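We just call them A, B and C in the order they show up, numbering each chain from 1.
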Amino acid sequence: MRPAAYISQSLEIAVALAAAPLFLGWVNQCRAWLANRSAPSVLLPYRNIRKLFHKDAVLAENASALFRIAPYVVFGTMVVAAGIIPSLSGRLPLVAAADAIALVGLFGTARVFLSLAAMDVGTAFGTLGARREMMVGFLAEPALLMVIFVASLISATTALPAISAHLAGARLVIDPSLAFTAVAFTLVLLAENARIPVDNPATHLELTMIHEAMLLEYSARHLALMEWAAALRLFNYACIGFALFVPWGIAAGNVGPLGLTLAIPILALKLAVAGAGLALIETLSAKLRIMRAPEFLATAFLFAVLGLLVHVLLGGP
Amino acid sequence: MIGLSFLLGIPAAGAIALAFCGARRGAPEINAAFSFGTFVAACAVTLRVIGHGPQLLWSGQFFIDAFNVFLVALTAFVGLTTSLFSRPYMRVEVAHGRLTPGRLRLYHSMYQLFMLTMLSALTTNNMGLLWVAMEGATLSTVLLVTLYRTPQSLEAGWKYFILCGVGIAQALFGTILLYFAAEKVLGAQGVAALEWTRLNAVKSQLEPTVLALAFVFLLVGYGTKVGLAPLHSWLPDAHAEGPTPISAVLSGLLLNVALYAVVRCKVLVEGSLHSALPSRMLMGFGLLSVVLAALLLFRQRDIKRLFAYSSIEHMGLATFAFGLSGPVATFAALLHMTVHSLTKSSIFFTVGHAAQKAGSQLMDDIRGLITISPTIGWGLMLGALAILGLPPFGVFASEFLILTTAMRQQPWSIPILLLALGIAFAAIFGRVQSMVFGETQARRLPHAPALLPVFAHLAIVLVLGLYIPPYLAEWYRAAAHLIGGP
Amino acid sequence: MTPLPLNQQLLNACAALLLLLSFAMLSQRRIVSLVNLFAVQGAVIAATTLLVAWRTGETHLYFSAALTLALKVAFLPWLLHRLIRRLEVRWDTEPLLDISGTMLAGIVIVVFAFGLAEPITHLASTSMRNAIGIAVAVVLLAFLMMITRRKAMSQVIGFLSMENGLFFGAMSATYGMPMIVELGVALDVLVAVLVLGVFFFQIREQFDSLDLHHLERLGERR
């Protein structure tokens, strides 16, 4: 019994580590197709990471220990986060240690380290990126929390696997509060993963960049970890979305190896669809001026709060 | 009953007829003739109610009792005298080029429509239709306020429309809540569940929490139209910028009808709540209006604005008196509504003539009315003395009654009221005195203006101050009993 | 939580949609889009009325759905679009507060509205009683919109949207007002918009613009 749980836990983390760059590659490929460009290989992120690991790291002269530790911390938090999000199976021993609210905390920790490291070297770009990241974060985090609150209210628990199991078990109903939170969650996902209406992951244009600005001083293995962590973050967010809004197909607690193996293709299918959808949103929307980003996130927050209010009001008997 | 069909049918026919011929030479006379017909019908209805008691008409859709019949008579009477006053007044306005024939047609047609909405608001038994008629009254007058198309009048009209529109929307919500509470008791009867007489019969069973909430919305909604502070700001603008006959009917009639709606609601809510909440709210809003209006009176330079603020003050006083509840206070409030309506419209008549002669509504430009025309001068002076509550006039009687009742029931309010009345006295009397007796270079008018309506109104107010005929007293008493309880 | 019947789910979805539309109107800068949003709001209300009519079998609700459809979805938006074309007021509206601030105020208002509707919700026996709070919220949000807007056209749309909210409130609390009252209210709304149309032309003739800051001169100074 217990070994099975540990197996599913390790499998989950392994799948996350392996599939995250692939998912990123898939999104990029879809974007290229939609923009009528010849698409890069899906495996490009892997090659990129491998290449970076083989290089020698260059550190700025005044970089402190924090600057060197940060990539490991950020990567580590993302791995732990991947461990508590039910992407394949609902039976995760790590969940006992951290629930959905702690998950938001993990993302917050990663953000803090990322920003501190960006400011550590003291270049203008790093500080600029960190500042913008914090601006996005202080609005995105409450919105994400609201989304999780709504889901927790509906299922009366804060543990993600339980939420997801509850939602999967409920009959298919039109629930406006879940619809609102789904919209809110999508907006938060776009903002938090430096996707297009808020940030553009493909450019190094100083006026607009947020996430890339923070990584400018990193090189080699540090950069590789950071990029991998970014891919993991996108993967994690996608999996949170699946757990909350399309929870079907995640193996429940007592399903054996067969259930787990069945869950992998389902996850792949969901990821493929989500990646294509994400690419579509990015292609269709225009990059917002950075000053309008708070407005964008306020909308996300509004949707989440509306979801909460509607649930409180209409959810009653 | 045939009287009621005439009462509502004549202004309706008038509105349609004048929409076609309102710009003809004889249109003001036609307007006056229709108003006279309405007045005769109102008298018939009144006699009927005096003779036979409350009437429930047209399968319960209309209801006339002692309370609204006196307002019907008053409305029809002031409507008649105002139409008589507007006859020469509007001719002069056209001659001065301030109005085109098209706008005159609009004015005449809307005047009759306004009378129709007022009379239907008074006579309907259905709280929903009461709302519809009140909104109709706003809509029919909003284009009259902007009749001169000056920037100021457009601003006044816009403010009037938006503020009263928002206010009346609150009243609609209150009406919905009332219907909601009524449906619980009366069952799903459709339109019958909004009939005031039925609601009144079961008022003690209506759900108190819902009715309390409904009353807040109804008071805010209809109170906006009464001109109760702090939602009064449309009132001075609309009075100052519209043509004078409209100022007279807004002040003399619309405010009364809105207060009538508030009081009808109060009767229901009080019956359900068994607490003093509605009375307290009326007293609070009334007192606030009296004080605020009195303080703002000093700052006015426009003569029509001055008397518009005085209207707010007096409506506040009447609201306060309704809030005191009890038959004596209610009697005083009804009397106050009557005398205020008569006095204030007569003041607006003289003010209209005075401003027309001076070519300005600024009080600094109006001087020496007594030299220009003794009738206008004395009319304004007597009207001002009457509205300020000097003894032989009826306003004195009603204010005296209100103050003595307040002394007994709410002694704390006496200093506030006396102070406010004193301030109002100082503000208005000083201004009127300099306007009437001040130095002027203007020539004496060749002929005296026709101010028969003014003196007719003032004479009635004087009579009401000295002696209230027994049948009238009986009538007030019945109404007071109806509203204020035994 | 027992699953609700489909009809109820649809009603809830409509109510939630109305709330969302109110916020969309609050944050919408363009007048033309505002008119369209108003039309959508009317359509959602008409759909809700139809659903309720079908569910309860109250025939007068079919009429009131038809009335809503004719007046608030077809005629009034058509009239407003026509006015916009004739008056050439297609430029943007600017809210007084910044949008995020208005939204936050809106959220506070919604919470307040839910609190206000609580006692009524407890007493109501209709199947849509949960939507009463949303109706109150729609009314108050329209009120907020009227306060924050400076353009005459958007204030009017706020006014109409307030009336929509009241209509929805009447329906969720009592399955609608009596037919005669609803007709009267619809007539008043219609006349109000016509009067306002005339009014717009007068304002424009006088000021060459529909911006209401021209209408702030009348104060206590005169």
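Details
As a working rule, a contact is a pair of C-beta atoms (placed from the backbone, for glycine too) under 8 Å apart; a residue touches a chain by one contact, two chains touch by 3 or more.
Every value quoted in this text rests on a predicted model; they were computed, and no experiment measured them.
Listing every chain that touches chain A and chain B alike gives C.
Core chain by CA centroid proximity to the global CA centroid: C. Ranking all chains by how far their C-alpha centres lie from the centre of chain C, first place goes to A.
Ranked by the number of C-beta pairs in contact, the top chain pair here is B-C. If you average the CA atoms of chain A and of chain B, the two centres end up 66 Å from each other.
Centroids of chain A and chain C (each the mean of its C-alpha atoms) stand 38 Å apart.
The geometric centre of chain B is 31 Å away from that of chain C, both derived from CA atoms. Residues of chain C found to touch two or more other chains are absent. Considering their complex, residues 170-171, 173-177, 179-180, 294-295, 298-299, 302, 305-306, 309-310, 312-316 of chain A touch chain C. Contacts from chain B toward chain C in the complex involve residues 126, 128-129, 131-132, 135-136, 139, 142-143, 146, 149-152, 154-159, 161-162, 165-166, 169, 172-173, 175-177, 179-180, 183-184, 188, 190-191, 193-194, 207, 209-210, 213, 237, 240-241, 296, 299-302, 305, 362.
On the chain C side of its complex with chain B, the touching residues are 60, 116, 119-120, 123-125, 136, 139, 143, 146, 152, 155, 159, 162-163, 166, 169-170, 173-175, 177-181, 184-185, 187-188, 191-192, 195-196, 198-199, 202-203, 205-207, 212, 214-218, 220, 222.
Residues 1, 3-4, 6, 9-10, 12-13, 15-17, 19-20, 23, 27, 99-100, 103-104, 106-107, 110-111, 114, 130-131, 133-134 of chain C touch chain A in their complex.
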